[in-house]
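Going by the order they are written in, the chains are A, B, C, D and E; count residues from 1 in each one.
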Amino acid sequence: TLSCSALGTELELCREGAEAWAEATGNTVELVSTPNSATDRLALYQQMLASGASDIDVFVIDVIWPGILESHLVDLSGLVPQEDIDQHFPAIVDNNTVDGRLVALPWFIDAGLLYYRTDLLDAYGQTVPQTWAEMAEAAAAIQEGERAAGNAQFWGYVFQASAYEGLTCNALEWIDAYGGGLIGDDGRPTVDTPQAIAALEEAASWVGAIAPPGVLNYTEEESRGVWQAGNAAFMRNWPYAWALSQGEDSPIRGLVGVAALPRGEGEGAGHTGALGGAQLAVSRYSEHPVVAADLVRYLAGYEEQKRRAIAGSFNPTIMALYEDPEVLAANPFFGELFDTFTHAVARPSRITGARYNEVSSAVFSAVHAVLSGEAAAAEALADLNAELNRMSRGGRW
Amino acid sequence: MVAGGSSARVRAAAPPSSHHRRRVRRAWLFLAPMLVVLSLVAGWPLARTVALSLTDATLNTLDEANFVGVANYLAYGPPLDAFDPDAGAYYLYDAEHDRHFVLDAQTGRLTDETDRDHPIVYDRVDGDYVHAETGEPAPGIADPLFQWSGVLADRLWWRAVANTLVFAIASVSLEVILGVAIALALNAGLQARGLLRAAVLIPWAIPTVVSAKMWGWMYHDSFGVMNDILLGLGVISEGLAWTADPHLAMAAVVFVDVWKTTPFLALLVLAALQMLPGECYEAARVDGVHPVTVFWRVTLPLIKPALVVAIIFRTLDALRIFDLIYVLTANTEATMTMSVYARQELIDFQNVGAGSAASTLLVFVIALVTVFYLMAGRVRLGAD
Amino acid sequence: MAIPGRSRPATAAFYAAVAVIVVYTVFPFYWAVNSSLQTPQELFDVTWFPFSFSFGNYAHVFDGQPFGRNILNSVFVAVLTVGISLALSLTAAHALARVRFRGRGLLLLAILSVSMFPQVAVLGGMYELIRSLGLYNSLYGLVLSYMIFTLPFTVWVLTTFLRELPRELEDAAIMDGAGPWTTLTRVFLPLMGPALVTTGLLAFIAAWNEFLFALTFTLSDSQRTVPVAIANFSGASQFELPWGNIMAASVIVTVPLIVLVLVFQRRIVSGLTAGAVKG
Amino acid sequence: MAGIVFDRVSKRFGTAEVIRNVDLDIAPGSFTVFVGPSGCGKSTLLRLIAGLEDITAGTLLIEGCPVNDVAPAKRGVAMVFQSYALYPHMSVYQNMAFGLSLAKTDRRETDRRVREAARILQMDHLLERKPKDLSGGQRQRVAIGRAITREPKVFLFDEPLSNLDAALRVQMRLEIAKLHRALGATMVYVTHDQVEAMTLAEQIVVLNAGAVEQVGAPLELYHRPQNRFVAGFIGSPQMNFLPGTLAAAGADGVAVALAGLASPVPAAVAPDGQAAGAAVSLGIRPEHIVVGDGVAAAGPHGRIALVERLGSDTLLHVATQAGHLVVAAGAATKARVGDTIRLGLPADACHVFAADGRALARRGATEA
Amino acid sequence: MAGIVFDRVSKRFGTAEVIRNVDLDIAPGSFTVFVGPSGCGKSTLLRLIAGLEDITAGTLLIEGCPVNDVAPAKRGVAMVFQSYALYPHMSVYQNMAFGLSLAKTDRRETDRRVREAARILQMDHLLERKPKDLSGGQRQRVAIGRAITREPKVFLFDEPLSNLDAALRVQMRLEIAKLHRALGATMVYVTHDQVEAMTLAEQIVVLNAGAVEQVGAPLELYHRPQNRFVAGFIGSPQMNFLPGTLAAAGADGVAVALAGLASPVPAAVAPDGQAAGAAVSLGIRPEHIVVGDGVAAAGPHGRIALVERLGSDTLLHVATQAGHLVVAAGAATKARVGDTIRLGLPADACHVFAADGRALARRGATEA
């Protein structure tokens, strides 16, 4: 008797997977649906875990939560064979290892991607932009053209800039693309750099120009809304938007291309994407930790991830699956993504541990202020750096 | 304070008969079930919150929290969250000079570890710091490290307080005006008022979780219906970013809140209107009192008790507003309210101590406002 | 019927105002209905009328999750919450409104102060309480926790309304040999129609719409209430919002409330105390 | 000053017809009193004048204009409600000043008028009280005060003095009469008090079951009631009625044969078409019956069943062979329960009513 | 049957002392009437008996037991409220049956009693109405009916007939008297109507400003008021008072010198310690003043200022040299406004009051 908390989203797949395992092992699994909103979900988990409730054995957790929930989770390294662990992207395994304890197994992966309109690029003679500046240029050109053609609602680029976790992802991508970073390996903040300033200045210049002013309150779905209505040339989003953009009734079906996010300029610039995705973890308060770990191992295992990749386009965390012909047949673009995933940049959740949210909040607040024009990038980042320094306990967090 | 006006007090002075005492005893009997349930559901959670606000608890360390007094509210010295109990030291950062320090709580020894490989150690001598090795004085080195901390020293908190008050005042006053107007319309006996009543109640009936999202959708700058309407009417020339623009966000949120909670007020006022004695209205009609005057001079004073209660509860709700703002504008500073702040500390940042302190302060602010209302409304709680 | 004693333009202005109010309150609901009848793609456009009339969203609400059960749960919780809080607060309000005793004002203030705490702040303590009472993942736990916000409200409102009833009525009942209980139930209660229905309705909806407690204190789908169920709706992946389904579900849960209002408003009639006393 | 005319006015509540086809003329500046049994529609008539109830049929005219559709406020009337209808949240002062302050009357003038009214009503010391802290009579006085401060064209008083003591009532009555003289306003007044009705009224309207029974000057109603209902209603104690038959009908009067009496009782009324042998009733007021040894042996006699001594008067309830009679004897009478007495029924004090209640026209008696 | 005793009972509302030190004995089964000016505390006294107000000081005993602390329901009293206090949501029938149903009275018995009460009160046809659809008088009758059906040991009536018409009032009065005889219950009754007070009461209690002025049988109060207040309060129209000085005081009476009169007016009262020259007032009831040419020339004379014809009686307001006098002349009087008439003040009808209001003991006059 196990309870598995899963995102309602993937409930079907999760159920099938869990039931398959249950059948195989003779255990029973009960699924629990949780709120759609990640913040709500985290709060709920924390409430339960803080009280030591044993109601849920296996948790599906976000990529940034291992550091936060770590003290409530079981170290899986002893319960799962090492070779099983090694087949996953090392970046994620790293992310899930807190103080040497592997607190969660990767389940699927996400990373920020650049969506573009193939038809419009063609029409305006543009190529897939390699740098943010190119992107902005192309976007401006297309936007101007489309507006002249009568679509007053048209925008060049949409992304996520509401004051929430998604903005931290976006910002990290920009800064990383310019070769900057948020927190150094020594735990000390590193945001007050020319790269970061350049990145933010670049981003701030989009708002109102190629991106709608309302982008400051966009989350994933709002940007997808604009995009999928055919009102944007470019969009930054997670892989999920792919299937929807290519859906039956999508007006832009067949006109969508995906690429890695552009790079910045200058030293250290590169393509990047913020790492996202889900992990499976076992509660320390579980009454059946071993059985639960077995379920986790099963769900994160090769076969199951393959099944999910084929049936639900979930990006596997097992590197080998990106060469699996069946998987590639179902998801032709997976190959392209592989690179992105390997270069994906993780948010500093592991190093900041329980204080990640505070860090993230400081980051997105500062970035939001810059984007909305309330603060200049240089000052905002200097303040942010100081703020992070204050929080960082000299890098010990 | 508010309880018991002058006349009530004088009456209470008469020696209570045992008959009166019996009445009072029975009153307590009548009160008992409610009080039991209420203290059960409210007592523990409230006490716990207040208690936690005096500790350094975090979500992960609820059981091993230490008592820190009022430091979560306001304290001067090394900030509380810089303390590491394991090391027995504060990790401090001097933003002015961009230097990291470690302050040993026991010895008072200060280590500059900005350069980890070459730490500089200072000793505390007569309240000043001197180089541990050279003994040279290091004037002013500790000053920036000692600062006001706690919720009350947080600029964001005060921003949240201001936001909350602005929000509460704006939305409650609009609601009162609109709610009373709606109630009067419903009371005026027009046809199909049943349907109208149901229609008016709809906003209240849609779960906040949903309606907030729905408005978010309607506010969307490019496919939201608000802009569509306003553009169509020619009121605006290009789509506004309702929830994103810091100048519009508060107004947008207030607009939704008014939409959402006016029914609450309207319905309560309507109930009050319908329980009024009819005869003095006839008197007013014969006296030739203008309906507007009747409203101000007769209706309003008569429904005042109910109106004040409705306003109090609406104000309490408005001061605690959370989900609407959270869903519509997330954690943006422009609209961050006390509850959003408290929740951020409590859940997002895991600072149960500070979050509880913020909650307690929030209660305190609400209590102040309530008492103010009661006094301004001349509500005599103890009077008949 | 026109408003007696008003001129034509005034009446016209009155109706215009009513129309504006109706649009303000109802339009978003129309928009919800409209959205619920659209395909996901249409949502990203301002579509004034659901030309496609796809009822798929409605069908979808009920398969894949026990939404019917969730509705029943909500009904159960809300009815019980309202019933219990009205019962408890009626007696309490009677004592508070009609008996003069020391500390009455303070008590009222204390009751009020309970509803000053933000939900997030009591969440933790409430969670522990519910668990220690063994009411976790039970609808009764929800009912209990909802008392924290319904009780102060109902007590205060009913107290206010009870105060307004003429004192002579109570005197007459006392002379007729009625105890406080009888006075309350047989004399005051029937006169409190508007107040009771209104408070009940408002408390019902508050309980019906509550989200945070319901989310935190229940676990299994079969114990969830509607708002949680709706919040747990999800699209094909993490970030996708199944907007059409959410709107359909919202319409589904709003309609019963409207019916409820239509049914109960018969009780909201005026002039209940007319003819009782001279004065 | 405003005259009020009811032109075939009817009022129905649901199916109950409460006012039936009332035709009535109230002269400008006059003082009209409505009397009638409880529930006969007096208050309803006032409410119709005030405009608080819609008229079901017919026309009501004030100052010659139909006002069926005129709002109460526009009719220029002030009303004292039977149920007071005070504003519970206002003090006595505010209750009385309300109408004035709305009319933007000068503050000093308002104050003067309110204090004047309070003085007249003897409630100067109560001005700061709220209605709920007043006695019944005090509330009633506030209601009166509210009307008189406003000085309207038409006053409607619905039993304004019913809760006052006799002494105060006399004073208030005089005050109202004074007010009437001073303002010259039309006053319509409902009362159950005979003395009030007789002393205040220029014209009394007797209502019964929603219809007008008789309209006339007080003494006319007293002396020449048009029917048995009015005869019984006006005058206190009530007129005695004895069943009988018309024994003789001549030009100079009739004689009524009563049960148990040897000779018919003569009455100074015209036969009015009633022939001898018709069933009639003989009416005579208690104060007109003659008691004592001097009366003719022909009159009724009987045992005294009850003696009510009112101080100024004594009422004897006498069971005679012709029926039960109430007799107003002087205060000094020595009569006791059980005594047998002989009663005289003076011919010119007798009223005769036909079987349908119609009064036969009286001769001699006029209003004094 | 239950006697009621007030032992130095006081009642304060806030700082206002509304009942002051009342000592009063109400015999079991008696019929006591409270009279007094509006606001003097009559209703409050009833409410104290009922237990609706707490007694501030003193003891109230019912059937010999102190009941200060006994709950109203346990006192066995029923009350008719001045303000009716009907249950607005109940029909007339339910209003009357409510008390019985609470007492778990048998359904048939309840029905019988309610219908009986309705019959007595002439409201059989109104049983299904709600209070708001009733006229003032009808509401009042429901309030009475509610008390009657309960058949308690003590009835408290607060101006129960004030809104009824004269005829119905007489009937109701008789019904109440009948009820009193039939049930033998103690009845305490507040009224402003002199006739009601005089005819119903076995004992009248005159209250003034919260204190008892005099207690006694009706005629005793009429004939031997203990002070000027009672003298003025009992009797309608009110007693006339003329200021004067004691001219002579002898064993067989006194003489009072009045302004403008040549010779002092003799009065059959004992001097009671008042010496000649003391300021007194002379009281005489309107009905005792003799009018006509036959009266001694020594009496006051004056111009008739106002003639009020009540039908059965005529009131003359005469301005004499000694002061304003109201005179009850017979209905037949020919007197007119402006006439000068001469008035006789019979010695044994005169009351004399000392400066402090105390009455000098009268001689001759007894209760007839």
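A few comments on the model shown:
Convention: a residue touches a chain if its C-beta (ideal position, glycine included) is under 8 Å from a C-beta of that chain, and two chains touch if they have at least 3 such contacts.
What you see is a predicted model, and the numbers here were worked out from it, not measured in a lab.
With respect to chain E, maximal separation of chain centres occurs for A (centres as means of Cα atoms).
Chain pair with the highest count of contacting C-beta pairs: B-C.
Distance from the chain B centre to the chain D centre is 66 Å, each centre being the mean of its Cα atoms. Centre-to-centre separation between chain D and chain E, using Cα means, comes to 22 Å.
A straight line joining the Cα centres of chain B and chain E is 64 Å long. One simple way to say how far apart two chains are is to compare their mean CA positions; for chain C and chain E this gives 57 Å. Across the assembly, chain C contributes residues 5, 43-45, 123-124, 128, 167, 191, 231, 241, 243, 271-274, 278-279 that each touch 2 or more other chains.
Each of residues 13, 51, 71, 82-83, 133-134 in chain E touches at least two other chains.
The set of chain B residues touching two or more other chains comprises 11, 223, 277, 279, 285, 347.
Chain E contributes residues 13, 35-39, 42-44, 82-83, 133-138, 140-141, 158-159, 162-170, 192-195, 198-199, 218-219, 222-223, 232-238, 285, 287, 308-315, 328, 331-334, 367-368 to its touches with chain D in the complex.
Residue ranges of chain E in contact with chain C, taken from their complex: 47, 50-52, 71-73, 77-79, 81-89, 98-99, 102-103, 130-134, 139, 146, 150. For chain A in complex with chain B, the residues that touch the partner chain are 39, 42-43, 46, 50, 68, 71-72, 152-153, 155, 161-164, 186, 188, 212-218, 222, 225-226, 229, 231, 354-355, 357-358, 361, 364-365, 368-369, 372, 374, 386, 389-396. Chain B meets chain D in the complex at residues 277, 279-280, 282-290, 293, 297-298, 301-302, 304. Interface residues of chain C facing chain B in the complex, by the touch rule stated above, are 1, 3, 5-6, 14-15, 17-18, 21-22, 24-26, 28-29, 31-32, 35, 43-46, 84, 88-89, 91-92, 94-109, 111-126, 128-129, 144-145, 147-148, 151-153, 155-157, 160-161, 163-164, 167, 180, 191-192, 194-195, 197-199, 201-202, 205, 208-209, 211-212, 226-227, 230-231, 241, 243, 246-247, 249-250, 253-254, 257-258, 261-262, 265, 268-274.
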